[in-house]
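First chain A sits with chain B, and in the next complex the same chain sits with chain C.
And then the complex of A and B:
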């Protein structure tokens, strides 16, 4: 890492928004709608309520143990062995997320925009772009996020405004979709759709001041949840409960549906540019953070050369699943279910251990 | 050395344009027709390909036809599209498809759902594509469309349908809406009804009491878009004339309509009719009181305004308040009787509603299983107790204070 740190709240805000906020534009809504039907927009609220206390607790711990990042904190609290093991476990889960999510994106790009191109080639190009950008370092990623954010969000809200007139608001009823129980269960099980919040804490000390990190993550978190709920709601009222679970890419379905007046029809390519940009940013951040965690776990200070092998490995494993449906509905669903308890619980474990050790008492 | 590596890496991208298609090598399909054949599972597909050169100022191939219509057999749209390439020289794309035309015969057979499902799997067919049911076979329909002014076929369909939808005589029948309603399995879907075959209706018909093909017409294009085809569970069961389609627009809050010029009986001189512009600023208000064991009560209130355009009988309605009151009543009674007639028909004959009213009962159920069990189109709607009331908010008379007094003129 470079010695001077220039990142502030606004970069953190951009990082959170891009890393988590793009979830409404991939297959996450399709995944959640399978069980939640027309109330699937409530699932992220529940997930958020489940995961946010854990995240706040983690932030609290980071604040108490000044100037430590995620892995250093784990080591400090749990001891060398357990700390590193837990760090490694987090790394594995996050990396699996990267692999299957990236495949998912490749699949979307192929299906929607480049039907003739082989998946492998798209994967290679995709990973190459991510690798080269991630190589630039965290500061550049932060700045790029901040610069790109207004463009991306402009496109997104333009889309929301254009589609608004198609919405039939009565479709949010029956209000609890497939049943209160199902919604709550799904919300809890899929909490890890927000797991990126935890990964960002590896960069806790990379900001000009740690308070910028905290502030950025609160604002970013609130903005993201608002954005996700807004779009999930829009999907519900546009597609209705019987169709929403059949549509794999509701975001693209919407971009294909709208027109800009009578003259500008078929305008989805306009949105595709921003969507691709956002997608790239997400994976650049993700790849960088994951490699960082790995580096921290294995005491590799110069971890940036590892970006290449990790990108390559992600590419190779990513092309294994046969098709997008297997990837999405089986593997990713399973992955989300597995990672949820870990991510929700580990800050509590840390907190309890720290409390028992009496380290939280001294100011 | 580094520069060389960079350059050679960049060379790699030159080979990789897998999806590159030259504009020259594509042909744009604007309409797809689907017909039945004798063999089950095989359909006749008609593609209407537009010629982008026509109507451009750059000239060039001005002698060419504005479009090419080809027909072939196949089991689904995409494979048929490939077969067509044995006699169409370019790669066909469906991205600009504006309408899917199905013959009434196919629509009534109920196979349409399978065909359109298969089509929606590809990203090429847009959800905004309109569904048109033609009285004759779809191939015949598409072959005989000869617009006189708007020779570019894609613009013809776009403007024709946009305009006719604005007047409410045909419904908005996008593929998107078809799926919402058909998969929702509660209400009826209305598709656009059109034909080239003319068969004049016997007896009197007012301005919108026609279905396509019945409108007396001289000159212009033979193609008439009028009325709607009623689909229940993906299968066509009946047609509605333009007037009923307009009523459906009035009662359905998801359908928009800009203009409804219509005539109403003249209460004082019944041999004449009063022409007026019907303006509806707010959608119909539907209130449903769901009763599990006795008929559900549905109250519909429509608030509207009337601007009188012509009074051929020259009766003084604008200044005589007693006359005005009569006219008010006549208009309301006329609308209510039309609406009630249509509702009665849908309850008794169709067993479901084309107004998307099931939306309004959904908030009375806590979750989807409860809602589905209550069964809108089998149990609730056919037995419901429905009252429609029209509420005339404003009666205006345009810019003339009074009409010419005929007896004074002819004095």
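And then the complex of A and C:
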């Protein structure tokens, strides 16, 4: 039978949810809580408000230029050289995110469950799984996300329901934590926690109809922001401002707090399995998208063979930082700060250039 | 690789059997000699021939056939006796058989004799007559032994093509049900019949199947079990890509959904293409049972699927790496039972799993009278004695028994192997890295399955990718609410149930 495109809204929804939504379960809350303290749950709202207009603008441009993916759009608007350069820059930042985030996940797995195992070996296993799965192609990644999503989200909301009784709601006060200014600044600086939204646009034309992409990304975006705020709020009301910035892995921390009836008292491994699935899925999607961007920038149509070198390189660079603290608090923090302006601004640049060239007036 | 193909091709052209397309001559003597030589008359004991002089035209005639595959009474009643006794003006008005074909060369003669026909030569005529008197022996229609059902028809296919087609036609009264046939095999030619409903089937899939049948290049393909391996897509994959069933009612229900079924002589089963994961997961009885009962069965089977692939691996993973997860009482019970066992846990699990596989394999091969031995050896030696000798702990016996027992709930023979092999992969993964390894292995396994296609149809469709379908995947809808045919096959007519409002 002929090949046909099968991805629809539901797969896009699942991709967005898995790619961005897992942020509440890694070290992002710990990172944000360093400055935001008990009001850190508001940071994603600010970030979202900052980044979503840019994303909508990008979607608008993609819609206007029809049947172009991210890199093709950049080229079309900015010309060959500048388009490709900007594409390459996006690739570098996204790849750096992949490398240091994956190290971050490996550290979480190691510290929480396999303290005696060498980082390198866990990294190899982790990357091997990601590589073999990513190799199956974008459609399969989409289906798997969709099939896996209900299970993963079931586990997540079960966790939220079980932890609810531990919450002390007065802990959200003072409502703005250490000040409105800090929250806003942090929100703006860390907008790039949502940068994966932009990466997904490389797959704009891979869907059955581009409207599925748009619809999926809107629903997914809203769901993700709801989920992130819910969990950040839960962390705030459970840990309070004193301990929140000292806890490195709040998600895993709360899985230790809960029990399921009197008999099952240590069920963190249960949640760890679903967290692992979500984590694997996130990096599978990320690796695939990044390789895709690279392929598009350098006109490599058959980019799937590149997955292996990229996975290998990510593994090798990922093990360089000496420990989790350096990786998280210095490199990743810096990376988020650097990538924010670029990701927030480039859709505007595109829009202005397109406007000046008069290409948006056609209809 | 290329080099290899080239070589293989060359070898094939050389070994092709010699063609025998000599034309039939008008001299009876020549024809008789030639055919006797072709079939090694005299050495070949069941190759028979009979000379006679026909009464109606007083000409000499010779009749050739294999006595072992024809109906002797029919030859006497419908050919020899009329020829000797009856009057008439030409042959077709003399012999009293239902099919009489004229053939022109010896190639055809050979083919016809091999497929159970009698060939009649006549002096002075350069054609031969082929008369269908075939009577191959086969088993009578029996009960479906391997896919048994409590509620539902009990008939199973048997090793005769015609009987099998009749079993299918009995169920599908549709003039569009086509039985097409192709010959496979270079030396011993066998007939492959594929059945489809022509106004449902997707032509791409049909043409793909025909192409694969044409591409078979081998001496002989005796039955569908072998044919499956010639036309499947991924010979080395752990997932099957063709469905194999012995139930005609299942075949009929597939036909009505736009699938193609393949039948051959010598097989008490048919092949169904294309497949999805769900074909292997479902049993036909799920549909015969009422909505709730059928879905309960499905739920049990899904659970069995999970248990059989995962329970041993989970046990290894949790007790080795995440023992904090176990409730203290359970942990103590496990530790206490393992106290005197000398082996590491994973080794213990492997011993039991391998032992179970051995019992299973031996149980299939063992001659019937010796059957009970297996029970004694299995239960006493492996279960009780091994525990008493402190080779394995009692809990492992339970775990292995559950994982073995649940594998029988996965009835389909092909997917059953997939599941059993998968179990060992998962045990190895969990033994190396606990739940992390297991989750990784599962994800790789699952995504590999999701990427498979059988004749262009994705393995987990119509669930993912989504298609309009009867909604018969993990669970099924009430039969009345099934509106569509499986859309993942892109059938010509998607709607199963006519909407009463539309017309």
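Definition applied: the second predicted complex is superposed on the first by the 360 of 363 C-alpha atoms of A that agree within 3 Å, B and C clash if a C-alpha of one lies under 4 Å from a C-alpha of the other, contacts with A are read in each partner's own complex, and residues count from 1 in each chain.
Just so we're on the same page, contacts are C-beta pairs under 8 Å (C-beta built on N, C-alpha and C of every residue); 3 or more make two chains touch, one makes a residue touch a chain.
Owing to the predicted nature of the structure, the values given are computational and were not obtained by experimental measurement.
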For A:323, select first, second, both or neither according to whether it touches chain B, chain C, the two together, or no partner. neither
Thinking of the overlay built on chain A, is A:173 touched by chain B (first), by chain C (second), by both, or by neither? first
Of the two partner chains, chain B (first) and chain C (second), which one does A:243 touch, if any: first, second, both, or neither? first
Considering only touches as defined above, state whether A:301 meets chain B (first), chain C (second), both or neither. neither
Is A:266 in contact with chain B, with chain C, with both, or with neither (first, second, both, neither)? both
Just chain B (first), just chain C (second), both, or neither: which does A:137 touch? second
Check whether A:109 is in contact with chain B, with chain C, with both or with neither, and answer first, second, both or neither. second
Overlap of chain B and chain C contacts on chain A, residues 113-114, 117, 125, 265-266
Listed in rising order, chain B residues that touch chain A in their complex are 16, 18-19, 95-96, 123, 126-128, 158, 162, 176, 179-180, 183-185, 254, 356, 359-360, 362-363, 365-371
Interface with chain B, chain A side, in the complex: residues 37-39, 111-118, 121, 125, 166, 168, 170-171, 173-180, 239-243, 246, 252-253, 256-257, 259, 262, 265-266
Contact residues on chain A for chain C in the complex? 1-2, 6-8, 10-11, 109, 113-114, 117, 122, 125-126, 128-129, 132-133, 136-137, 139-144, 146-147, 263-270, 272-273, 276-277, 280-281, 284
Considering only the defined contacts, which chain C positions touch chain A in the complex? 202, 204-205, 208, 318, 321-322, 324-327, 433-441, 443-444, 446-448, 450-451, 455-458, 460, 463-466, 490
